[in-house]
Amino acid sequence: MIITCKKGAPQAEIDKIVHDFEQRGLEVNLITGKDYNVFGIVGDTTNIDDKQMMSNPWIENVQRVSAPYKKVNRLFHPQDTVVDVAGIKVGGKEKIVVIGGPCSVEGLEQICDLAHDVKEAGGCMLRGGAYKPRTSPYAFQGLGSKGIEYLVEARRQTGLPIVSEIMSIDKIDEFVENVDLIQVGARNMQNFDLLKALGKINKPILLKRGLCNTIEEWLMSAEYIMASGNENVILCERGIRTFEKYTRNTLDLSVVQIVKRKSHLPIIIDPSHATGDWELVESMALAAIAAGADGLIVEVHRNPECAWSDGQQCLKPEKFKTMIEKGRAIANVIGRGM
Amino acid sequence: MIITCKKGAPQAEIDKIVHDFEQRGLEVNLITGKDYNVFGIVGDTTNIDDKQMMSNPWIENVQRVSAPYKKVNRLFHPQDTVVDVAGIKVGGKEKIVVIGGPCSVEGLEQICDLAHDVKEAGGCMLRGGAYKPRTSPYAFQGLGSKGIEYLVEARRQTGLPIVSEIMSIDKIDEFVENVDLIQVGARNMQNFDLLKALGKINKPILLKRGLCNTIEEWLMSAEYIMASGNENVILCERGIRTFEKYTRNTLDLSVVQIVKRKSHLPIIIDPSHATGDWELVESMALAAIAAGADGLIVEVHRNPECAWSDGQQCLKPEKFKTMIEKGRAIANVIGRGM
Amino acid sequence: MIITCKKGAPQAEIDKIVHDFEQRGLEVNLITGKDYNVFGIVGDTTNIDDKQMMSNPWIENVQRVSAPYKKVNRLFHPQDTVVDVAGIKVGGKEKIVVIGGPCSVEGLEQICDLAHDVKEAGGCMLRGGAYKPRTSPYAFQGLGSKGIEYLVEARRQTGLPIVSEIMSIDKIDEFVENVDLIQVGARNMQNFDLLKALGKINKPILLKRGLCNTIEEWLMSAEYIMASGNENVILCERGIRTFEKYTRNTLDLSVVQIVKRKSHLPIIIDPSHATGDWELVESMALAAIAAGADGLIVEVHRNPECAWSDGQQCLKPEKFKTMIEKGRAIANVIGRGM
Amino acid sequence: MIITCKKGAPQAEIDKIVHDFEQRGLEVNLITGKDYNVFGIVGDTTNIDDKQMMSNPWIENVQRVSAPYKKVNRLFHPQDTVVDVAGIKVGGKEKIVVIGGPCSVEGLEQICDLAHDVKEAGGCMLRGGAYKPRTSPYAFQGLGSKGIEYLVEARRQTGLPIVSEIMSIDKIDEFVENVDLIQVGARNMQNFDLLKALGKINKPILLKRGLCNTIEEWLMSAEYIMASGNENVILCERGIRTFEKYTRNTLDLSVVQIVKRKSHLPIIIDPSHATGDWELVESMALAAIAAGADGLIVEVHRNPECAWSDGQQCLKPEKFKTMIEKGRAIANVIGRGM
């Protein structure tokens, strides 16, 4: 941690700052410049609040040298983490996984039919929303427990592990019992109570990046889960909010390699929510594979025009299949199975 | 709602779209252009999902004419809503309210001392965090129930109504019993389960705008609370996330008049979180008053350098007092008490 | 164009609006709703200023149905445009082009050596900055005319067409005489005087997207060039500015298919400026190819640590070569040469 | 400047980095941490390119301690700069200036009438665009030299100094001869050739912040002008681009105090372009005054509905007058004339 003091800071203030750090067992190095005094703090600064230090009016600036995350950090865990989702391995040099399914579970038949479609196309997990975060209180809010029940039946028929989004702590038991990969949606990425609770179970977690959250904040949310004891975290990029209006969100594919540099956790891409436009899904899915992603999560629906939510971003099963075939060829080029 | 169909859409498709709307009791007007066909849909389109319609490949674009919110909408509720917080009126032509207090409750003495400071300076409510949303799992997470208890004692001593942030549904009873104005923080603005639950109580809610949420999404979150039955909502702008790095967030003061045009709900400003920098708080507080805000919520601490959280954005009590004095003079200029 | 009038607009105002449009030869269709009156305007609205109309206090909203660009618009020019750069074809079903070279021309030997490297690796054009837009007045500003002269010699030795950035109108003669593909940089995307001047020459233009410009504004800048008479425009995405701090910019690859849907112009990707980080360049280059881009422009330097500008984002020639080899394999998968 | 080296960087690399800095006359302090080695560089680092250093693969991060600007920097020029515009003083403790006028000069009578209106309302300078940067090539592009001529006549009649935007270098002579305050628009904030040319004249420059430019980049553009010799620079904030769609741009009023802390230059606010909505202009103008701005530039038109550009954001003269009256009262509260 590097702390810059303003020109003219009284010696007593400087001594006080040095003293405070030394009391916490940190080593302080002072560099005297012409316009500023700079302190370099050596030691474990993870639990020092850098913003807090700015309350001292003599401090001009505080900059971290080390990242504020530990368990997530590749520096302290150089080998790739491979997460096991009911037998499907995600991350490292494992095959690229493809998760498919509708935005919302709409009925038993719909989800079972789609599960067969997804499996037949080459998908290895089934997604489906039972509890839906919707911007409008007047929009369809999901089938709830019925939805989970139907997903379980679809898994029974196809063997595909199931992925679904959790929205509140009181549903954790239901999810632990039934769901194979528990998704934390973008809007809940900083629902810290939920993250802590999910840190206490041992099911794998799919942690989506918030719409306006930095990579650092995203990794800190993964740190919440891991610090509470659950190390089975898969990250998922789904687009960020920018000024552009022709797409729903802007898919940031450079995160794939940045996350792999900073962390050992697997990362998958959601081209459906990122673009909000089925015509863009295939090209972004192929781009994600070329960029090195560990997997894809894609919305699929037999009849998108009649989907109960997000139909505009759903692929029909045959297009989903084509996407997987092309993706597999690209995966081979970069030396990865799919 | 205006729907644009692509050139060359087959008549059968057009008929189908018209038929679907008519079945929902809506009136459809067709305008035939050279390059597009455009439908104007008349009637209550609140529960039509505009994004969903884009799944039809013949539809080029869908645009709303009416806002997607009803209860929040000034169009259907022209007079200003005035929210009563334990006797303090907020909104309309009422006095501008000033809420002050520390980021976190740190102890009984701290919060009681500050409550007296806030009252003495001219503040009319006391804020203090008991449950704290922190980016890092290693940062101070709040005193929890003890913090609420201390706030209650501070209210007993000063008579100031208390404001505190709720982070999960399971604390609702505690908040209803003890807190006068229940804050939903920026990170929970789209925690829809929490919003629905808060819609079922009758305590006033302070709904902060999410860091990257549009005004429309913010009003939709207020709609969630109101649609569930609780009409006592105060909006609070606290800065949005932009590319700028010299401030923590960018305070968007134009929202004051936009919110007043679109909605009848009161709106207050949080210059502390918006700037993250105590040296900017006074100027932004005065600007907020000049812009027509119904109130301010400002962080105050006797010793910001030792605050357990967010000290860098806290005013000392004497500076808080000066801010109120100057603010009152500006309020008078624009014909408002404070 | 769809115009929404507020509830209660007097009939005289409505008549006036209708009359104004009819005088311009447009057809007006009125749809009367409960809360709003909506006009649909049929005809060529390209030269109507939609923002301007908002000055009428009775008008609530104005929305375009047609895009504001014509010459750029695929609707009126369905087949792909292929731009010829000194014999190299860009766009349509032509081979994916790879442009390589240093950020800045640093000397005759440097640029000639690199030209041979680029050619040997499989690149088909040479880039090099002679006039450099630098944030700081104290940074290296480019070799100017000397730089152009050295590029010309590098072309003579290798046969590679040359690409360089123009910064002001007074250099147009020099560029027309010497440069094969004239680049307009991100910062000059809305330097309209420069665009108009470039519309009057017949050399191909490489138009970079501005850091914070929407796709629509970018296409409008291409429209400036085309409307002045020069139809040889290649678009180039180079990352947009977002809140994220771990990358220099956020590369928006979804623009590839969006641009291809809206326009017939070729589009290439600059992964070097987009990421500002050589370690990310290869993965983003491969992703761009998978997404369907018509080409790449990549910074290459023999000794990035000593580059006079932007060394942090330069590939060494051997890495550039590897990138092209992998890229070619992906291009084949998606049915395209490279 | 603080440079962080990765764990495991070979000693030879470290020695090389130290040697390079020492050769430039800088002092290097090494701090050895467990996971990183950190160098503190003491001396004038203004002309070191921090991004460039990142090309060394052993360097993890480079952070500036000192700002990259010098002449603009308050650290080296503690007293406020007051710019004299044809006798009107801007900045320091001088009266708050109000510049008013139409977006575009539309004719001799129009601009002269408005000049009288502006003067009568209490404005002290007249603005008017003669050369207009328009997104669409089909929109009105300004009257050009005729427009400048009409402004000169309006000044002759009223005595108000005139402000107009320059778009290219070849018009500098015309502007130096006729215009009192030469505006550089947001789109040209990083048109470095133009900035350098304006640095060689002695007329005051009004430098608008680019739509997506950081405060630091903005100050660097001012540095370009000052480094070339012209120290008469007034900064103007006019809103930045964000994700919000209900306003044209987001006015960032916190820049007022940030600019005053970092720099000695005067700063004024343009609430018209920032909001793009005349109904928001007054509240944002009053907020700007309360925030401590040195002036306002506001669009005024007698008949906004018929304005040739930007009518939606123009105040009518009587509203402009009311705004000034209220503004003056707020200025008094904060101890400033207007």
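All chains are identified by letter, namely A, B, C and D, in their written order; residue positions are counted from 1 within each chain.
Basically, contacts are C-beta pairs under 8 Å (C-beta built on N, C-alpha and C of every residue); 3 or more make two chains touch, one makes a residue touch a chain.
All figures in this text were calculated on a predicted structure; none of them were measured in a lab.
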Most widely separated chain from subunit B, with each centre as the mean of CA atoms: C
Comparison of C-D and A-D (more C-beta pairs in contact): C-D
Intercentroid distance (Cα basis), subunit D paired with subunit C, Å: 26
Mean-CA-position distance for subunit C and subunit A (Å): 31
Intercentroid distance (Cα basis), subunit D paired with subunit A, Å: 39
Multi-partner residues of subunit C (at least 2 other chains): 212, 241-243, 245
Residues of subunit D defined as touching subunit A within the complex: 2, 4, 7, 29, 31-36, 38, 40, 42-43, 61, 63, 65-66, 75, 212, 241-243, 245
Residues of subunit C that touch subunit A when the two form their complex: 212, 214-216, 240, 242-247, 250-254, 256-258, 261-262, 274-275, 279-280, 283-284, 286-292, 326, 329-330, 333-334
Touch list for subunit B against partner subunit A, complex: 46-47, 49, 51-56, 68, 133-139, 141, 167-170, 187-188, 190-194, 196, 210-212, 217, 220, 223-224, 227-228, 241, 248, 276-278, 304-305, 307, 309-314
